[in-house]
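A, B and C label the chains in the order they appear, each numbered from 1.
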Amino acid sequence: MNSPRELSFSIRIRAGNRTLVDIPDYSLPERRLMILFGESGIGKSLINRAVYGLLDGDEFQATINGQDAASYTSTPWVRSVQENGFFVFQEPSTHLYPLLTLGEQLREGSLKDSVSEDAILGELWSGTPTARPSSLLGVYPKPYRPSGGEKQRMLLAMAFKKIDLFLARGEAELPSLFLFDEPTGSLDNRFRDIVLSMLFDRYRRMAFTGVVVSHDYSLISMIRKEHKDLAEAVVFRELALEKSALVLRKFEPETYLGWLSVQHPPPRSPGGRQIARIESDVGVFHRTLTIARDREGSVPAPLVLNQGAMTYLKAPSGTGKTTLAKMMIGLLRGERFSMTLGGDTVGVGTREEFWRKRVWGKSMTMVFQHADEALNPRSTVFDTFKGLPTESMPTRDWVRRTLHELFEPDMADEILEREVSNLSGGQKQRLNLLRGLSLETGLIILDEPLNGLDFESSIRVLDLLRERQQRGNSILVISHNEEIFDSQVGDEGIYYLVQ
Amino acid sequence: MKGEKLAARPDLVWLLVWLAGMGVLLLWDLAFLNNPALKRLLNALFNTLAAGLTVVVLALLLGWACGAGLYLLERRGRKGVYLTMTFLLNIVRSVPQIVGILAGYIVLTLLIEREVLVGSAALLFWMSAIVAVFVFLDIADLVRGRIAQFAALDFYPAMLCCGVSEARIVNVEILWKNSRAHLLHAMIAVFGMAVFLQCSIDFILSVGLSTEVSASNFPATLGGLLATMDSKQDILAVGTILTDPAYTPQLFFRHLQGLSVAFALIFTLLCIHTITAGFVRRRRL
Amino acid sequence: MRSKVIEHGLSVFCVGLLFLAALWWYSSMQSDSRAQRDEALAPFLSLDSVDLSNPYHRELFRETAETFFPGQPSDSLLGAIDSYRAERFTNREYKSGVERTMTGADLARLGGMYLQFVAVYLVTLLLTSVAARSLAVLTFVSAKQGGGSAPTRLLRLVLERRGADGRMLLRLLLRAAGSAVAGFILFSPAYVVAYALKGRIDTGSILFMILLAVFTNGVLINYATRFFNLLTAESRKGYVDTARVKNLRAGWGWNSPHGLPLRLLWRPREFATGHIFQQIYLQARFQLVPALKEHASFLITGLIIIEMALNIQGHLGYELLQNILYRRYDVVVTILFGMFLLVKLTELAVDWRVHLVTRRFANEG
């Protein structure tokens, strides 16, 4: 295969007086599939929206290749891209229209001409007999129904319809661009693999330019194992800050694969005291969840969390991992739930007073998965640590020392007085983790702790978690990064949640 | 570039326009309006703005207390108190503002007659308090809406799990740190509403209820001044220019009192609206 | 919805009880004090030979009173008699000899006025909704077309000292002046406009009242601004981007191939099918429904202000003012309750509408 022609863009995006993105060279290999990594909030979505010609509104002032957004959008290349391409946006909930059924949205605009709808839906829903896509087509998208995964698959179905339309034209030279912004964020690994296989199959039929934005480094292993023939067609790149300048650089798959090959779970300390025990039968939202030792749920077992140990809870997305965590920390009551915490037995009838006085920030804490939501964007980094139940008011020195655990010292000093909204997504996630970890509670629940982090920061976080284990903390992790956490937790610490 | 910068801050531009407009009015009146009328005008303008500001402060206090209080009551499971308070607030909401304020003024008159209330400052305060009761719900709704919005995100439970107290999450983290712009916007709108209602009620009282509530008992606002015979004659004269456009220049010399009062009132209401609209645009509320 | 109906019903019941209690308390207080006064004055009122309007008789009466009731100020007795006599002339009930309670005829008259008020209110509500919609859509599309408002463009020209050709400057100046005049009218309290036009047109007519209610008091502009803000907020939502990548029309020119039909402005049921604006518009309109409650309440406030300030006889607002003046609080309370009922009915209708729409889009109905 020849080396691809690169489509180069210089992009600068401002909102009011703030420069959000300034990248002099963002290049896409033409008729290749680019997997784009990089910490969240660094500008991946904005850059790709700019390239696709979607920033011509009044919200941003964008300059693309020296042109303002409106002139850029009216160039023939962009027009062709918009006519033939598609963009799968990151947040399925906000990108579907609440007043039209999913079926109506699937057949809107240029999608009404596509004939491959049934086959696409069949593939995307294969192996799920309970939720047939046809029953979803008459449903309006609401926050809780359909689920995030179902909404995401609907958006993906739209993209595949558009790709099929493009393939049917058979004009490989026609400018086109298919952008997938974290297209499998709400899907578990099985569906992730299905979606990528669908994309790669279409690419094999006729090469097109595609970008998949992702934080999931285990994609590398998956592609290496199952799609060897595309080794040259799939390009890995990473968007990163180098000396405060945004650059697009090559990401060597070996960096990840090499690191993974040397990971081993630490030996489990035999004398670890039991911190908490959750009985395996859980009832919530009129559903029964079972905690088990195997993926199918045939060996139910209580979830036992020991001092100095990391425990990993796995389940397909949408099963209720976060729901169970919220029950453990008293944010949700449910119908059936029993937990032994220290010497107390708590259940659905336990009063909130108990959690307030004994649990929250004292014996247990939970770090939520979306740092953007979990932190106060209008607080400074220093103020984020105010109001916590620490013995005395946190001093600047104390906060600085805490930040050093996940930030370089000079970076920690630099961001101490910065407003959270001005941090990058990866910095926010690290701050989110540090706020929870600084409380030194016996039990820490981490919901998707590697969310939004680049590879380097992920390794740093994993090292810190190991150190906390050694100090005696019990850590419960909920994550879809199976490959990474399987390498950190031994079999005895792995549990499954089954519906 | 300067134009670009100012155009990006339309609220500030309109504040400047208001100040400039009122400045021109003052200069013109200093030159051409007789002294007693000028004094009356300045006094009425001061009273109107002071009453409006008092309403804003009281409405903010009431709205914040009610909004945050109701949320915390609901969270703590005090259903009885919560439902009763919501029910009472909904009743206040269903009373047309002008009717409620009129009823309040009748009570005020009784208190004046019995000499419970004396002094114009006290009167101005109670006048504003009555208006505040019928406009603070906008702020209470905003406060509740903001809390609900953050409670639906991970924001609230994430802090709760870290042991941050609910009073701090609501008052400091949500309302103080994240809702100041929204509150300021609501306060400017309440100010406009207060000026409008206060002036309307004064106008009505001075025109219609003079035997019941002597207008001279209440501190005069622009509405009251507009209802005086002189001002009404001046406003009538404005209609003259429809049939006799040549009369227009006379308006600015002969009918200055009524015209100045009407201009100050309408121009203030107009600018408050444009300031809030500009604020919404700039802060993307 | 049932809970909403119960809540509204309960509050009507409670407020009704409150009004009844106030009425009862007032009438008992009123009759007590009147009875006491009348009883005290009765011996002096039936003195046939004394004519208190005659100064000589007054003086004689005062001296006699001081002789027989030493220590009691005779002036206050005379004052009480005077006010009693005055009341008989000024108060309608005394003149006509009827009791101070409402009669069936009173109620029928009030009912007629109430119906008229409701009719005016409904017409005004409809007119402001349609006009505000057109104004909001026009402003929104103009903003999308770019360029900014005439005053903003003028300001930029002045501040940047950019050269502009004379015709454009004149056009901008005329447009800015037009906006200023329109702004002044739209934000005028109704009574200012009405007094300015008094004597030139029939300011007492219902048509004029409706026009005032729609175009003054800031009613129209506030409602339009709210709609405009919702349109702007919706246009920034993610689903608009999805609609764009699905190749729905996205141009903003009037009657251009990718743009919007101009008839959108005067046809409330025109939805611009196949254009991203359709989704923005329907979603904004959906969210505007609950705001109709506040709008309705403010509209009633505006109507009452107009009727009171203009002193239009035969209208409910005027009647309310007059009866406060005559201290006929039974009539006052009845009118107030009627207005409360009107707001409650509007709220119920809005809640019902919200319930229907929400149920449909929540996959329930």
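We take it that contacts are C-beta pairs under 8 Å (C-beta built on N, C-alpha and C of every residue); 3 or more make two chains touch, one makes a residue touch a chain.
If you're wondering where the values come from, they're calculated on a predicted model, not measured in any experiment.
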Category of the chain touch graph - line, ring, star, complete, other: complete
B-C compared against A-C, more contacting pairs: B-C
Chain whose Cα centroid lies nearest the overall Cα centroid: B
Averaged-CA centre spacing for the pair subunit B and subunit A, given as whole angstrom: 47
Whole-Å gap separating subunit B and subunit C, where each centre is the average of the chain's CA atoms: 17
Where subunit A and subunit C are represented by their mean Cα positions, the distance between them in whole Å: 52
Residues within subunit C bordering two or more other chains: 236
Touching two or more other chains - residue numbers and ranges from subunit A: none
Subunit A - residues contacting subunit C, complex: 49, 52, 54, 57-59, 82-83, 85-87, 89, 91, 94-100, 105, 108-111, 139-140, 142, 145, 155, 158
Interface residues, subunit A side, partner subunit B - complex: 16, 326, 329, 331, 352, 360-362, 364-370, 373-379, 387-389, 432, 435-436, 439
Of all residues in subunit B, those that touch subunit A in their complex: 8, 77, 153-155, 157-165, 168-169, 172-173, 177-178
Subunit B-facing residues of subunit C, complex: 7, 10-11, 14-15, 148, 152, 155-160, 183-184, 187-189, 191-192, 195-200, 217-218, 221-222, 225, 229, 232, 236, 293, 297-298, 300-301, 304-305, 308-309, 311, 321-322, 324-325, 336, 339-340, 343-344, 347
List of subunit B residues in touch with subunit C within their complex: 1-4, 6-7, 10, 13, 87, 90-91, 93-99, 102-103, 106, 192, 196-197, 199-200, 203-204, 207-209, 211-212, 223, 226, 232, 235-236, 238-239, 242-243, 262, 265-267, 269-270, 273, 277, 280-281, 284-285
